[in-house]
Amino acid sequence: MSGGCPYFEKRHLLFKSKLHLEEEEEDDSQEGINKASKGGIIYGDYLQLDKVVTAQVLQSELKGNKIHDEHLFIVTHQAYELWFKQILWELDSVREIFISGHVRDERNMLKVNTRIHRIVMIFRLLVDQFAVLETMTALDFYDFREYLSPASGFQSLQFRLLENKIGVLDNLRVPYNRRHYRDNFKGHESEMLLRSEKEPCLLKLVEKWLERTPGLEEDGFNFWVKLEANIFEGLSLEKNKIEKMQDSEEKEEMMEEMTKQKELFTSLFDVKRHEHLLGKGERRISYKALQGALMIYFYREEPRFQVPFQLLSNLMDIDTLMTKWRYNHVCMVHRMIGSKAGTGGSSGYHYLRSTVSDRYKVFVDLFNLAMFLIPRHWVPKLDPNEHTFLFTAEYCDSSYCSSEDSDSDTVSTV
Amino acid sequence: MSGGCPYFEKRHLLFKSKLHLEEEEEDDSQEGINKASKGGIIYGDYLQLDKVVTAQVLQSELKGNKIHDEHLFIVTHQAYELWFKQILWELDSVREIFISGHVRDERNMLKVNTRIHRIVMIFRLLVDQFAVLETMTALDFYDFREYLSPASGFQSLQFRLLENKIGVLDNLRVPYNRRHYRDNFKGHESEMLLRSEKEPCLLKLVEKWLERTPGLEEDGFNFWVKLEANIFEGLSLEKNKIEKMQDSEEKEEMMEEMTKQKELFTSLFDVKRHEHLLGKGERRISYKALQGALMIYFYREEPRFQVPFQLLSNLMDIDTLMTKWRYNHVCMVHRMIGSKAGTGGSSGYHYLRSTVSDRYKVFVDLFNLAMFLIPRHWVPKLDPNEHTFLFTAEYCDSSYCSSEDSDSDTVSTV
Amino acid sequence: MSGGCPYFEKRHLLFKSKLHLEEEEEDDSQEGINKASKGGIIYGDYLQLDKVVTAQVLQSELKGNKIHDEHLFIVTHQAYELWFKQILWELDSVREIFISGHVRDERNMLKVNTRIHRIVMIFRLLVDQFAVLETMTALDFYDFREYLSPASGFQSLQFRLLENKIGVLDNLRVPYNRRHYRDNFKGHESEMLLRSEKEPCLLKLVEKWLERTPGLEEDGFNFWVKLEANIFEGLSLEKNKIEKMQDSEEKEEMMEEMTKQKELFTSLFDVKRHEHLLGKGERRISYKALQGALMIYFYREEPRFQVPFQLLSNLMDIDTLMTKWRYNHVCMVHRMIGSKAGTGGSSGYHYLRSTVSDRYKVFVDLFNLAMFLIPRHWVPKLDPNEHTFLFTAEYCDSSYCSSEDSDSDTVSTV
Amino acid sequence: MSGGCPYFEKRHLLFKSKLHLEEEEEDDSQEGINKASKGGIIYGDYLQLDKVVTAQVLQSELKGNKIHDEHLFIVTHQAYELWFKQILWELDSVREIFISGHVRDERNMLKVNTRIHRIVMIFRLLVDQFAVLETMTALDFYDFREYLSPASGFQSLQFRLLENKIGVLDNLRVPYNRRHYRDNFKGHESEMLLRSEKEPCLLKLVEKWLERTPGLEEDGFNFWVKLEANIFEGLSLEKNKIEKMQDSEEKEEMMEEMTKQKELFTSLFDVKRHEHLLGKGERRISYKALQGALMIYFYREEPRFQVPFQLLSNLMDIDTLMTKWRYNHVCMVHRMIGSKAGTGGSSGYHYLRSTVSDRYKVFVDLFNLAMFLIPRHWVPKLDPNEHTFLFTAEYCDSSYCSSEDSDSDTVSTV
């Protein structure tokens, strides 16, 4: 729209109901008619530019020492916050689809996937956006940074909400200066944060959804049991092959490797080990959900799983881009204030570095499943003639889906 | 700062004057002390987030039919406007340096160049930003576009100011629906636009600066006359060589080419032709300024001209990126509303396409000088022992520079 | 892999068949064992770096006047050609899936969509890649450009193949210097180009696929007839509303707009007009395919159409990015050689500009369908209980699909 | 050039010497004349595309199991290697300018800065390039990764050369699997690497250059001594102010902060501490060079220091982008193979993570100087009337500069 986009041809007035036209006529009478707007809203009012582009107040100027570059500093951070708001908007809408149960109507999968992908695209922009702020040198920044104290990015409410709603865990956060992150916020904001921690985060909602992956049913296809059988049969065959090899260094190495593989896959099917890793925060989703994710991975080409597979990829993209964002942030801070802010005490640079960690990766399990990939012929065969769930999507109308006691995962509309 | 940047260590309080501390203490007493801020300003207040992230009001929601994607539409345009504000901020500061004459103090060249480069970096981001809006499909847009009428990007005040301040000419603008572009604006805004047309734009300021390029002085190095002599001597020598070739198709072609070259360079040294092209808008800067630009091109490695040469490159980058921005905009509009908005009448798509034109390229002369490049040995020799201006920068203190009648271009402080 | 990626753990040796191990042992005996590679292939050999990073021969150096920046020029163009090869690789594989009929097995849709999306991502990179070449100024380029004559990007075989295989039409190409584009190529290459023009291009294959869109069947859901009825009923109702309005300027405008709308939609359902536009190159796909595309647009949320809808979006992305690539190219050429190469004759710059045109947009129909969007309640209702095709994907095994006479579009495997 | 760029107009034939024309005529006679090339070279031959775009041999295909995505894997890595070659080309040319002493002729500073900036732009592209490879999922990669063993990015000769030539230190490298990095290479390559470690790296050359920064001379402006005096006087004044404040928690905090500041700056002027940090690898340049860098920082607006300041910024950009490249690489590896390759032994993922460390930041001192910034009025005053070196660049002809015993830093040509 900016810069001359005449999207809004008169034709669209056509489809407005009488009611709306009347409302607008009233508006006209209040505002007076000007050349730019005859009924309806004009660009600047629509975007509330009187608020947005007047919100740049330089502290340095207030203190009588206007520093040119502070304007860039403000605008960049405001742009970040605008986009954080948009991410929250998408995130909340997706969470709502999951929470309400509408996700069971697979017509909503396109929407879910598109909105998650949009978050990906926004984060990609935010990562690039550092290049603009980096046109400010440490020396330019030094000239006004004293006036900003104690304002700090720690106090970005939206960023913390965003982390919580995606699924960053309170107890996995790195503490800064021994303070709880919520202590940086006023009462009202602190409550919002607490509430966001208690609401179901994206990770938990995706977990529930993964647990319902068709094919996991023990009285149905029973994926997990079939998979375990295939893997160990496959490993056994490989072992036999190796044993028949002539003695050599290579044979020894392969035997050693075989042992490791067996241990690895044994651990995969060990529910207790899963619980142990969950406790340490090294795994983040339930054992059933893990199975669902692997099922989607292996059968991703089945019509039913194509969009779910894209969704899992997009969730990994979000994690990756958030961690790249954090890392770009670290790099910028290093340039702006060096590696230590003082000779003693905690350093902002080192704190930020510590958040570029797998502890902050929410969908870490989706990445780590790459350790458990297997040759295609080890994947349990699925006959579409028998298992129609592979290509038959699930519909449900809203009345049905919102019912809390609905646990049926079978195709209900056919 | 966003997302946890503790730039603002207490140490900086150190350098605050007593006065400032007192002011802050007063602020405290008014606001009450909270955990987040003990003296000084906190993040959300500093960025006025109460204004910025509350300015997203969906027209579709007001009309009782909330459409999810309208939020993206609003935020994207607000982000554009935020960055337009930043570009104007940089642009005004650079224009001020030129207008005040401070540009004669070459210590200011780093500042000028850095700020122009920053505009380049912002435009680069703005071009990329379309990728986010493009996650909205034409169908999603259709669902709310009727509510926006008649708001239109034509009404972006800041974009028009930006164009005017860089140097887009009123009489070179493509009219839309036979209306003058200022007619899209309210009285107050229309006056701002008119004023911006009358103030010296970046193009005009750069032109004045180029006219003062050392080396152009007729009683000094007299670059232009020397250049003309060298070029025609060079061409003459080449012609002789060709004439000595054996008759062949190639010889004929080269002879033909030689004639064209001679015409081309004859036109370069023809001031009347320059005036003619100026009149048509095909050239935009004075004859003298053109000479200055070519001088900087040819002697770009001389210490005195290194930063000026970077500046000319950055100015071309701005032009290029603005035209890419326009073209990306066109592409998005094509996707959103198709190539025609109706069966008759003017089309927004075609209007926008027509603005992706060299008529909107402000620094078009800097590009077109590429037609007049010559072999290095044709460039008039400049002996640094004789012409010290090549490596001796010009200083001037502000009292001197602001004097209107100063036309001296010689080095004044040594 | 570059820069230290140890992807290739020994474990994978495990899954190699005996046969492969033997092959490698043989290789070993031929090559000799070194520290870096004990059986198997090493990085540099795998990537054939002896060919790739030794292919930079500077013409300027051969001519005894080595110009530093020519290396950048060569490497950039080689990188473009590498990526063109990758695009052709993806394009051919997708075309093969369509040609062989495998596309009827909807398990292949993920593959098709992913590969088309990969082309999108590559083009995005290629657009950005200009920023690297733009670090070379016109003056740097001038120093070696004479040595390159008559080499020219016109002679990029892969780019022409790529255009042909996507669907740029020979008769819509802008001629350069009155020569046919194939005349720039040697005999062998010219034949490859001719062959690529005759093979089914992506556009034609997508067209055939769109024509089979379920729901178009006249003896089935009969989308097109239902749509026409709904639209004209809708317009009629709107017209009635307007007629009841009090006389006013607005009423008149709306009535005028109504007439235009009616004309617009009348044209949509006029097959003769479609044929007329096809003849002029303003439409590029068949009438039936157009209907299929609109059907996918309107029912994009149905499980069966989610991935097809993504595919259509990705195809538009390819078109958009190719046109952006062309435009970035134009901008670079303007900077490098100015707007005219001589005082007379044709200009490379203006030729290139003329290719940034909708004539070169292959999937132009997908964009222009945005002109025919309608309110959601005008879209014909589709009851999933009645029309199971909406959520039931089509499988077919390869023996079936490759049969030429298969025209059935109903779900065949269930 | 690709895709239709007619850069190479006939006119340029004009400037070719007779000799060259003859050579080309001979070429013609050998090759025969075809439509595409009448004398001179054609595109495909110029770029040696017969080597570059035929170098994609899939191991999976050789092993009888062609996996589509291996082609992307190969092309991506070849593109990386092409760009690494270009970076080495720029790096070597810049090092040559420094080594030969030509850097003393300040006409060469534009060249140095432009080429370093080009490396920055290439790295920016390389960081973005991961987005293309990430269109390949872990599952696609799994299908062919076994065939690649033991090829590994560890074996990228060019990347290791690049690291060495910039200045990554052998003893600061993280060992992988307890092997020295050179052990991954064949004899010839290993020698190249060893040689590159012994040649002067960019860091060392920049260090030497910084040590010569005008203004450091003890018998001249004597920057370091003046700076020390000013800082401690400034701190003392601040301390006095604080002492006069009323007792309060704030006063205590400020006093504490003051102590830290004093310690910090005391450490800056402590040459022994510098040597200690050098020994630990926490500082990388000499004490004198550190002083030069800070001098350039503080007086960056002086004409003499504008381009040097840009150079320092660009060097930091290289460091930052290399570390971002490493981090993006880590993220991709996590996605491709998970966090552990086996249940025991070393993990490629964790190794790569460990290289995203300040140990691999070559110009770490330039970043860390941000800890020692001071208010503008503490910076020692420099009167241009007295110290002409601030605006008078140094020339020297090559005969002079190459003389080893030249240690004069004063302006020598005037």
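Per-chain residue numbering starts at 1, and chain names A, B, C and D are given in the order in which the chains are listed.
Just so it is clear, a contact is a pair of C-beta atoms (placed from the backbone, for glycine too) under 8 Å apart; a residue touches a chain by one contact, two chains touch by 3 or more.
These are the chains along with the protein names UniProt gives them: A, B, C, D = Tryptophan 2,3-dioxygenase.
On a predicted model such as this, the values are computed, not experimentally measured, just so you know.
A.B. asks: Determine the shortest chain-contact distance, in steps, between chain A and chain C.
C.D. replies: Shortest path length, in steps: 1.
A.B. asks: Farthest from chain C in C-alpha centre terms, which chain would that be?
C.D. replies: Most remote chain from chain C, centroid-wise, comes out as D.
A.B. asks: Once you count every C-beta pair in contact for both, which comes out on top, C-D or A-D?
C.D. replies: C-D
A.B. asks: Centre to centre, by mean C-alpha position, how many angstrom separate chain C and chain D?
C.D. replies: Roughly 37 Å, centre to centre.
A.B. asks: Using mean CA coordinates as chain centres, what's the chain A-chain D distance in Å?
C.D. replies: The mean C-alpha positions of chain A and chain D differ by 33 Å.
A.B. asks: Enumerate the residues of chain A that touch no fewer than two other chains.
C.D. replies: Only 10-11, 13-15, 39, 257, 260-261, 300, 336-337, 341-342 qualify.
A.B. asks: For chain D, which residues are in contact with chain B within the complex?
C.D. replies: 10-11, 13-15, 18, 39, 106-111, 113, 238, 241-242, 250, 253-254, 257-258, 260-261, 300-304, 306-307, 309, 375, 384-385, 388, 391-395, 413-414
A.B. asks: If you look only at chain A, which of its residues touch chain B in the complex?
C.D. replies: 1-16, 20, 23, 34-49, 51-57, 59, 63, 68, 71-75, 77-86, 89, 93, 114-115, 117-118, 121-122, 124-125, 128-129, 131-132, 135, 141, 145-146, 148-159, 176, 183-187, 325-326, 329, 333, 336-337, 341-342, 348, 351-352, 355
A.B. asks: Which stretch or stretches of chain D touch chain A in the complex?
C.D. replies: Answer in residue numbers: 134, 137-139, 142-143, 257, 260-261, 263-264, 267, 297-298, 300, 313, 316-317, 320, 323-324, 327-328, 331, 334-345, 356, 358, 364, 367-373, 376.
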